[in-house]
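After this come two complexes, each holding subunit A, first together with subunit B and then together with subunit C.
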Partner chain A sequence: MAVTSAAHVTAAPPERESLSDWLDRQAGRLFILPAVILILGFSIFPLIASAYLALSRFKLAPGGYTLTFIGWFNFKKMLTGSQQFHLLGTFGAITLLGWVIMLATVALVVWGVVRYVRSGRVTVVGSIGRLITIATALALSVLFAVNLGEGGQLGTIATTMFYVAGGVAVQFALGLGLALLCAKPIRGRSFFRVLFFVPLMVTPVGIAYTFRMLADTAVGPFAPLWHWLGYAQTSWSADAWTARFVVLIGDSWQWIPFIFIVLLAAIESQPRDEVEAAQLDGASGWQIFRDITWPSIAPVAATVVLIRAIEAFKIIDLPNVLTNGGPGIATESLTLHAFIEWRALNLGGSAAVAYILLFLSTIACVSFFNFVVKPMREARA
Partner chain B sequence: MSVLKRLTEPKSLDTMSPLGAVLVYGGLILWSLVVLFPLYWIAITSLKLPIHVSAGPVYLPFVDFLPDLHAWRYIFVDLGNDTLRPYLNSIVVALVSTMLAMLIGSMAAYALSRLEFAPRLASILLFILLGAVMIVAVAGFGVPWWIAAVVALALFLLLARAAGRTMRASLGNGDILFWIISQRILPPVVAALPIYVMFQTLGMLDTRTALIATYTTVNLPIVVWLMYDFFVTIPKDLEESASLDGASRFAIFFGIVLPLARPGLVATGLLVLILAWNEYLLALFLSSANAQTMPVLVAAQNATRGPQWWYMSVLILLMILPVIFLTLLLQRFIAKGMLLGAVKG
Partner chain C sequence: MKIRSWLAGLAMAGVAAGAMPAVAAEFDGVTVNILTQTGPAISGPMQARAPEFEKLSGAKINVITVPFSDIYQKLLTDWSTGTNSIDAAVFAPQWMVDYAGSGFLEDLTPRMEGDQALEQDDIAPFFREFSQKYAGKTYMMTFDGDFHMIFYRTDILEELGKQPPKTWEDYLDIAAAAHGKDMNGDGQPDFGSCIGKKRNAQGYWFLTSVAGGYIQAKGTSEGAFFNTEDMTPLIDNAGFRKALEVYKKTSEYGPPDELNLDVADTRVMFVAGRCALSMDWGDIGSMSVDPSMSKVTGKVGATILPGSKEVIDRATGEFVACDADTCPHAIDGPNHAPFAAFGGWGGGINANADPKVKDAAYAFFSYLSQPAQSNQDVTKGETGFNPYRMSQLEDVATWEKMGMGKENAESYLGAIKTSLNSPNMILDLRIPQNQRYQQVVLDTAVARYLAGELDVDATVEAVVEGWNEINEELGVDEQLEAYKATIGAE
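And now, the complex of A and B:
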């Protein structure tokens, strides 16, 4: 690493420097070195080791373990072999809903490509990046279509994507709504702000147990309601979709505050005079939101969605405690899938699942950054 | 003025129409209930006897049922040390890892915001290559890990200069910053297995040190990201004049820059502290009995006799109360810190 800094100018000549001078000259490296070493040791080294593990078979042997290199076998087993149902789910005949999903994705892709070609800024790297994004989007839409088809079931990839997309959408909508409410001229704004912030602080494991208590149809607080509706004997945890939605509700309860607090701060820093001028001109609340508030908070909104999505891909605590991944594998996220494989001592398979999650979340997050966050920031700037 | 108009139109710009006010306050109160009710339910469940839970819901203490401290007694007296140890573990691990992450992360963020770095691309590729070779040698051929590490390091030092001469491309500060931040995308489960094996090899599994080191690294990207934004906004004049007076970079950093960045430090520190306090997955991998932290203990309450709701509620309350207290104390800072991170990205 070459370091150029003001320290160079004042440093003593190398042959007669004291220890403190040397330290000062190396300050830049010394400042950054601990962070780099830690990340190399705990991220890069594990990443490489994980890659090796994903390509091997792990076996306990007398006095330790053996690792046998087996190439792509772990991935093959999950993508086309006996574990396919777990990762990719069960494929069913595509129904109308499936066609709608695929057509919508294709339409979105075509729209994006047309815009890209028309922009006149076509580059090699840009095209390769878009190809990866398009391939992933199309593959995911087909996966959803067959999983949602007749006789199909969601695998851990589709379930994770449901948590990410569904969770982020719900949390963004409610977080934005609450932020808009709190931005009105109300009394006790700081009270509501603190109160709405609290769920973010609660440990996710605790939230999972709390929602298990609350959702209990027999002894939970809403039991009389379920009884009255005639659902007292049914359990939400026995049905795949209700179980997924309970996980989603718990996740949303925790993360709405995060989106709320950031968007509220963004709304409060929007141009006040423009809003007042529009109000004097008799603009409606919706017009003010569309023409003034939204353009001014859009970059922040896109970034907060990105941050939330990055964390959402890693979900494990809630499904693990709420439903243990069940019924069957219905609520299992990719991280939980990897953890369950690890517990079964299938370390190679676990690492392979983890790597699939890594690819998926990296492609999704980088695509979102390049095609949503960046344009919004540039439009503002 | 018709009644309808009076209801839907505000009197002045800074007030709301009566109907609007009803809707806004209605929404706010509704959401307050959504936030408070789960917390209320945990609180009263911790005061219930098992019969009060299993016989169907009862809602109001002293009206529906008589509060009882049996669960609190069980957790504090009967279990005593078994609760205290994870609690202490959690406190020590969260506090120490937060302080380390803040120190190391701020230093890196400061250096990235003030100095120009240009690591050679060739050295980085060489490093990754040697790392891969080392792992294959250790895992595939049974070479002792410390011999492999020493050989790899020696080779790196020998070859780095030569590699740099043949390939002159280098990275900039932006690339380093992006690299550090992108570590946040890495799902912990990818890294958890090798970290587990690493600590097992070092004989440090189930120790606080292992958890502290891991949490420090996991939270570094956030610290670097947020603190970088704070340092960029601090004017450089003070540092330049101090530098002319002969102050060293260390003196400038610890004496001038850090005190100026205090709001950012508090916000980021609290965020990281909460993340470390609530972390579950890595603790599950790396700790079993001695270094067990609170989230793992709470999750473990799902006993064979079914979940012991009353004990669990006490434990959850014990976990929540300190952070809620801290949050109430420092709430303003967090909002600012999060906004800065999100806006500047």
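And now, the complex of A and C:
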């Protein structure tokens, strides 16, 4: 009988545990301890220290420096004070484009909420998470609407979001296209695979300097073409949007290979028998892609977009080397913004920008994971 | 003191002789880590001189290079955290206030006073008495004479029948007349004016050079950045507004990508014959005689920064005409205020370095600055070093030998001398955290103005608000005291 057995066990005198038994029992914790110490030392502690820095004012003093606690001053300055134009941009009167952006966002939010409620899986944690996502999405749409309005200018948040959304979209589309091409049995396939992969092997700063040389319309390799087209007296670097697009093109040049190589692997690992069966049944290339290839690679595609987005939030090399953030502040990303403040010894302001970037990228990436990557994986499973 | 005897010996031997084995052993086994900017300029001549210095002294000089924009922070991080992996550095004298004020820099006064080989009296008084010093003590040794001036194409001005610009109106007039002409024979239209206006580069210094003649008229101690009574920024006035307009107007005669060009780009363009005028430090002078890069050898003149025939009244902020009272230092009418932008590269030593390493670092700096070395280095364009010794400014023959031509050499050295001797020289901002005032607030506002994001009034407002905010953060009284001390105001 179970109760009797339990009583018997309880009544037995405790045996002295040997060291080896103790080590066996603690092995899991002991093995994970170095990693925990490393993470605490190199990730968590700096995060806490920089949080304090974001709430402080750094000042040099004889023999070293002083840190004075100033509360939310650094954040206030950027969100509502003299540096608002830098972080949030200049607000203009909302135009038709702005209304379209806001209405599209509201429509997307309403659709998401309705789907969530109808799913029958409403939880407290899920609702809080969705509220944070909705608030961020609406705030960003309003920010874009006023920044793109008449007399408005993009700040570093909107510029960074442009690099993330625009850059990742372009890179994904081209990376997928190249991967589909290279998955075909065409001549020189291996050569093209290596060729497309090369930019990823170069350091970001190297890419930035190479691209700067390529984009030089005065003495670069494309200068004769530029002049022939009649643009000798025009420079991409003098206009805010062309400068942003040149940064985006440079970033894409560097990162398309990453998406290409991952998606190529995913495409090549899709079930061949399904594709061959579809071909035998006379399915078109588009039908095969839509019904077989895409469902097969969707989880990988969503993951690669997520990884790329996390990286894109931190873009600094290209705008720093190509334009130094100019013209004006047109191409300045959040990371470059933080770097410029740090370089001028405004460590508190720099840490505050870095924290805003951390919140923004975390919310965006966690939301993307929960609402895109996870459902795709579940659908595939 | 060993170092003094070593230096005296070095001088007696004529430095380059190098046959001093007993003395050379002085620094055997000593390694000095010196941080400066990525080459070829500045770090190049240091790296070139290091092996010959090692042969002479035994000390190994390890030149560590980082991009210019990272030097300030790298040094602060290394020295303020006590890491002290950097024994010495060659950097901007503007930053001395942050380093010396915090006790990171060695006081070089006694060493330099006892250093006969250095020939300190030969160093131009501006660098010797101001650029190298903080609070009356010498913390840096100058290797480079830096202030802005105007370079022009003598052949183009002659062709146009124009004289070198005396005012900014003259500058714009020449730029407009020359713009679009083919100035280097390649069949392509060239530019009237080339000024590096890239953001996060040197643009804010060039704007200050334009504003100087409108704002400061009564001598260096009057100041051109802040009112010395209450630390009010000297921005919200007719002079600064006019400077913004002139600065933007020069872009009409510049390359289409001028907003993305820094000074390294415009120099190359000028010596390639693509510009009629340029505002720069002295580098164009030495680059113009370098046959490997110059198409304008013998065609380059230089002059003091243009001035203005009206200056602001400090009480009202409005313009008043120049006369003996309002512009006591005017030259032939206009008020000129040459701007010692940056102030010239100089070497400073980490106060917490090992004493032997400090001695070796000082010996290397002295070696670099001694006439035997520096007289050669300042005539080479790639070194980034410009004349800063009086003897270098008199030495027309050397420049003639380099191919500059007597008239052009006299013009170049004359422009330097006129600027250096001006009692109305504007000293660069040297108050604590000057980087934030200039490289963040001023630079961002100017970049936004040039890009069309802000108009003149909004630019003025942005700079005033930003500077006042930093003053409040760091303490108005402390900043005012530091500002007055640096410019010698009462």
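Methods note: the second predicted complex is superposed on the first by the 351 of 381 C-alpha atoms of A that agree within 3 Å, B and C clash if a C-alpha of one lies under 4 Å from a C-alpha of the other, contacts with A are read in each partner's own complex, and residues count from 1 in each chain.
Everything that follows uses one rule, which is that a residue touches a chain if its C-beta (ideal position, glycine included) is under 8 Å from a C-beta of that chain, and two chains touch if they have at least 3 such contacts.
All figures in this text were calculated on a predicted structure; none of them were measured in a lab.
Student: Counting only touches as set out at the top, which of subunit B and subunit C does A:342 meet: first, second, both, neither?
Tutor: both
Student: Looking at the overlay, does A:245 come into contact with subunit B only (first), subunit C only (second), both, or neither?
Tutor: Neither subunit B nor subunit C is touched by A:245.
Student: I'd like to know which partner A:354 touches here: subunit B for first, subunit C for second, both or neither.
Tutor: First partner only.
Student: Applying the document's definition of touch, where does A:255 land relative to subunit B and subunit C: first, second, both, or neither?
Tutor: In the superposition, A:255 contacts neither subunit B nor subunit C.
Student: On subunit A, which partner touches more residues: subunit B or subunit C?
Tutor: With both complexes superposed on chain A, more residues of subunit A are touched by B.
Student: After lining up the shared chain so the two structures overlap, which partner does A:38 touch, if you call subunit B first and subunit C second: first, second, both or neither?
Tutor: It touches subunit B, and subunit C stays clear.
Student: So in the superposed three-chain picture, is A:91 touching just subunit B, just subunit C, both, or none of them (first/second/both/neither)?
Tutor: Neither partner.
Student: Quick one: is A:373 in contact with subunit B, with subunit C, with both, or with neither? Answer first, second, both or neither.
Tutor: A:373 contacts subunit B only, not subunit C.
Student: Have a look at where A:218 lands relative to subunit B and subunit C in the superposition and call it first, second, both or neither.
Tutor: The answer is both, since A:218 touches subunit B and subunit C.
Student: One more residue to check, A:75. First (subunit B), second (subunit C), both or neither?
Tutor: neither
Student: Do subunit B and subunit C land on any of the same subunit A residues, and which?
Tutor: Overlap of subunit B and subunit C footprints on subunit A: residues 218, 342.
Student: Within the complex, which stretch of subunit B touches subunit A?
Tutor: Residue positions touching the partner: 13-16, 20, 24-25, 27-28, 31-32, 34-39, 41-42, 45, 53-57, 59, 104-105, 107-108, 110-112, 114-120, 127-128, 131-132, 135-136, 139-140, 170, 176, 180, 183-195, 197-198, 213-214, 216-218, 220-221, 224, 240, 243, 246, 248-250, 253, 274, 277-278, 280-281, 284-285, 294-295, 298-299, 301-302, 307, 309, 312, 315-316, 319-320, 323-324, 327-328, 331, 334-336, 338-339, 341-343, 345.
Student: Quick check on the complex: what are the subunit A residues that touch subunit C?
Tutor: 57, 59-65, 77, 81-82, 85-86, 90, 153, 217-218, 232-238, 240, 322-330, 340-346
Student: Applying the document's contact rule, which stretches of subunit A touch subunit B when the two form their complex?
Tutor: Going by the criterion above, the answer is residues 1-7, 10, 20, 23-24, 27-28, 31-32, 34-36, 38-50, 52-53, 56, 67, 69, 177-178, 181-182, 184-186, 192-207, 209-214, 218-224, 253, 258, 261-262, 264-266, 276, 279-280, 299-300, 303-304, 307, 310, 313-314, 316-317, 320-321, 334-335, 338-339, 342, 347, 350-351, 353-355, 357-358, 361-362, 365, 373, 377.
Student: Which stretch or stretches of subunit C touch subunit A in the complex?
Tutor: Going through subunit C, the ones touching subunit A are 69-70, 72-73, 76, 80, 82, 98, 101-103, 188, 198-201, 255-260, 432-433, 435-436, 439-440, 444, 447-448, 450-454, 462, 465-466, 469, 473-474.
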